[in-house]
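Order of writing sets the labels: A, B, C, D, E and F. Residues in every chain begin at 1.
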């Protein structure tokens, strides 16, 4: 039933976002043969590496190196081979410039994703995540417009855009629209989460969240085999041939 | 890809609602081999037969007979063979009693639908539609509860519940969550709509709505073959194995 | 700082709701000397005892007896000594009659709670919970009105009304407005949850939820000692002397 | 510019609601020649006469007589000559029965209002007001339906329905959609408000509210002559020939 | 009844937006003697000229010339004689700079519109439209402030601001607040729409939309002569002397 | 009960905002011994000094001097001794640059407020207020992040952020979450408001608003001594030990 000829683009604001929020789904797509490309816009050196900065005389470069190495290791645990680090600065991310928008639009045109997974439209605690959401949407609009010439690319077509679940879902008005069973890759996700030494307190948290989404998934679907799940929003309604 | 072993239950507040709002989708499911059962809760004699009442000395019985005959004819144009008329009074529908709730719960338990399609949660112009929405939801909850004994039935499992698009979508806070291509059955829907002599002004309206939803479907999916479509809400998030 | 001269009224739709959703908070109030009264409107025989009904030849009376006994045991684990069972039927709860409204209003007038804790205003999966929310609010309005005579009572004053967190928070538009640290009573809550044999799958779920709310509480307050927490909505804004 | 051939129906849940919330607008319509009919569904004996009940040995009959007499006096201060008291019981109002719905529908059919002004769709503090909102809407739907025979009436056409501003606007999600200048009748409104002896604390409150709405009206329109105003919601969008 | 001494300012993000979304209303105002000025911020060369770019070796200049010529021709079909092209770049529009804000504020101060019609506050598919909405609002605030000196202008007063209906209304949370009958100018609108050769697929779409809004207008007003209509949002509530 | 060891940071977009919207609360905190620092980002010369500009040959410098002097005088009426004027330009405020963000973050790190009070998240009439809301939030995020080095500061911890009530509350979706009794400092607030000569029309307005909030406060709390109050939103849920 699953068509392996699918490209999935994941855009992660910081080095670990794609793991906590979509690691199980990414691993599942890869395991079944899809192409997944992950773009990490920043390493989260300033905003998402609090523990590393507790070390005396810590430097930006050292933190950056640690974060990149952890993110690469996590990626490999998930089976990801195609990952790019764009090394933008975080906290506060300024993404609203033409060069950055064109770079992302060009990537969309060349990779031609069927699905884009990135941050959703409100994170009440993290302004970077909101900036990434707007950035990816604007770039996706440039990508599908014939009149926007970008060297070496040709116009792509509309893709689906899914939003990550934020850390504190409820105060961010997060409402799940798609809940994906990740039981078969939960173990990989756990392994990937363990790569982030500076954020070890999040491992239990996201394990529990996957459990809780699994509980919701069973209740809503009646399918008892759904043990772990991840939730997403959809930017646009589902369009298709049959009720899903 | 389509599994014909699917049961679809459609609950229509009045005699024609299922045609205007879901006729194309129903016909498509039937054409591909699914089981579809339509329950018409009332004939809409009081509230949705304005033109018929313009005839002098009109009676409830005559209007009821005309409406039922038109609804049956429309059903046959859509390929529907399983349709029930429960003959409740409309305007204002009082559905909050135990006997009616149990009757619907029993039907859900015996028909065991994979999908239920009925009125959505707000129709700012028609209080009957809101009453039907609440009624079907409550009955679906009774149906899945082991502790609710109903003679001759056994507990069913959670089903998906989809909401019809109301007549004036925007003032009813309607936001499409699922848009279904009905190009291959649009002709059948048009034929079915023509059966309702007292509501002929709605035929053009719902033909245009199908066009407009087709336009949205093309824009959002990139699939140029989607000429006509119908839109629905989902009561619950989608739960499944893959992004849809 | 804590004033032990406080009355807290908890109204629980079914036999276990008050434990999953507010058990830690109740135990904490009791431990520090407040008066807490719990009213269980129904035993949840029909709607919240699925596992018990899996036993062949199960009867309403047996399930009711088991549920009441479990609820009493859980209450004692939380330190609750004042608990009433009103034995209304559940699924579907019909609470909109004068006698029931007056009974609750009379209780509010005699117990004179400073806080009422009950179901919040939307549970997309459980229509009983919504009925309880409306019922308690209406009764609280009768209770404070001089013109509503109820034998043996005198008019009370406005109380605060807090809403439980529903099971699937996000799809119910739940947004935490008050998060209460329950670290010192979490052990009691766990013991209480273990009393419900037919809902054992919920124990892990609500343990995780308490963890997750603890995580949110730490992040939002900066207080590292908050290990477990429960979240609530407020029906009305906070009114007081100082920013809280 | 003002067409005096207009009928305005005001439906007030209790004896004084129409004065606090729409008194200036009513007086203005009357002053300019429109027909205004006020229906007072209940006298608010139980729920809106707290001060009167402070008198020892107070009775329902005495309170009812006082409220009716005050309401009549207030009506005369506003220039109202057509006022009906339906004497339903309040707190809690049960309006969902066929006889009451038909009575209101019949009145709509015979009076044939161009505008209906009644309670809006959420009053977080007063469940009666919500009940009235639903009641008037349902009756208005019956009134326009050919198939709903009511002795001695003929079907009417769709009217505009406006919602009163509730007492605590902001917590009731009230958002003004129409703000009406009442500068020329403010004095009459003040006189009318003074008739309600048991609610004298509200006079200053609603005088200030009229000032504040006047301030908003000036700021939004640029018209400096708007000293006092009343705000309303609209159930349906404005439909017309020109932007307003 | 209609006062021809009215100035209407229309701000259109791209070359054709004002035609699809407000062409009938503009033509009607002009036909009855109002002054209408249209400002086209960009020609939509990059983002709204997809078909033109399908021609090999297409250039920005050629597309710009075609779009401007079509827009001028459409304007003349609507009776517009006062139209300005500001030639900003689109996709992605950067309007948040002082010179542009001052230019628009100066125009508002000199033209002194009674109504401004522009893009509404959310278009989920087109970030340019959202940028225009924010731009016009900010400029309108500068225009009415005494303390903002702009050479050759004097402070203006608050105007009404109306929002266009976006292409996919429902997913953009669009809720009609004003629906305007355009039956008498629908023919002109159709003629104007036909000028845009690269967007011919939109002509049928917006014809149907006008039909559908006409249907809504008839249903909500009871006026059977409303055949075609356009819908708008209002940024602020209506403020005036009488209920509208 | 009140702990005087509290730091409160107030960030005011213009010279008088902190007085109208939080003057009573500020005075109360000071009177009871808390440390309050007020930062005035701009003097509101361009956007909030309309009356001053009516004088012929008025200059930016004169208006700025008057506004600063009035603001200082008002501050002293409230008991404020710690006030900073950052003298940014208003209308339109551009705050999204690194230097400004770092300056505010540094201040948060050194003053270490327990509460921040600033503009809420939507003011439909004043784009500067929205800009300030976003600015303060972003700076607060930088302040608590270990990885954001700012000379001479050390990372602070999460604080509570409260939002001012905007001028036209209801159209700005303002919903009070915290209502603070200011009866004991209302006189000081009135004195402070009288310092702003160019905005004298606002004094009555905000006096009435304080009355109205006092009315709400009494109704919601049952405390009859609350005569005047101010309302705020909370950016985050309350987190604490007990229900409040």
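One rule holds for everything that comes next: contacts are C-beta pairs under 8 Å (C-beta built on N, C-alpha and C of every residue); 3 or more make two chains touch, one makes a residue touch a chain.
Computed from a predicted model, the values in this text were never measured in an experiment.
A.B. asks: Among the remaining chains, which ones contact both subunit A and subunit F?
C.D. replies: Intersection of subunit A and subunit F contact lists gives C, E.
A.B. asks: Identify which chain pair among A-B, A-C or A-F reproduces the interface of B-D, meaning that over half of its contact pairs, matched by residue number, are the same.
C.D. replies: Checked against B-D: the matching pair is A-F.
A.B. asks: By CA centroid distance, what chain is farthest from subunit B?
C.D. replies: Centre of mass proxy via C-alpha means gives F as farthest from subunit B.
A.B. asks: Using mean CA coordinates as chain centres, what's the subunit C-subunit F distance in Å?
C.D. replies: Computed from C-alpha means, the inter-chain centre distance equals 37 Å.
A.B. asks: Report, in whole Å, the distance between the mean C-alpha point of subunit B and the mean C-alpha point of subunit F.
C.D. replies: Here subunit B and subunit F have centroids separated by 53 Å.
A.B. asks: By the touch rule stated above, which residues of subunit B touch at least two different other chains?
C.D. replies: Residues 125, 171, 175-176, 216, 219-220, 231, 236-237.
A.B. asks: Is the way these chains touch best called a line, a ring, a star, complete, or other?
C.D. replies: Its topology fits none of the listed shapes; call it other.
A.B. asks: Sort out which chains touch which and give me every pair.
C.D. replies: Here the touching pairs of chains are A-B, A-C, A-E, A-F, B-C, B-D, B-E, C-D, C-F, D-E, D-F, E-F.
A.B. asks: Residues of subunit B touching subunit A in their complex?
C.D. replies: 1-2, 8, 25, 28-29, 115, 117, 157-160, 162, 175-181, 216-217, 219-223, 226, 229, 231-232, 234, 236-244
A.B. asks: In the complex, go through subunit C and note every residue touching subunit A.
C.D. replies: 125, 167-171, 173-176, 201, 204-205, 208-209, 211-212, 215-216, 219-220, 231
A.B. asks: What residues on subunit A touch subunit E, complex-wise?
C.D. replies: Interface residues on the subunit A side: 98, 101, 134, 137-138, 141-142, 145-148, 235-237.
A.B. asks: Residues of subunit B touching subunit D in their complex?
C.D. replies: The touching residues are 45-54, 60, 63, 91-92, 94, 124-127, 171.
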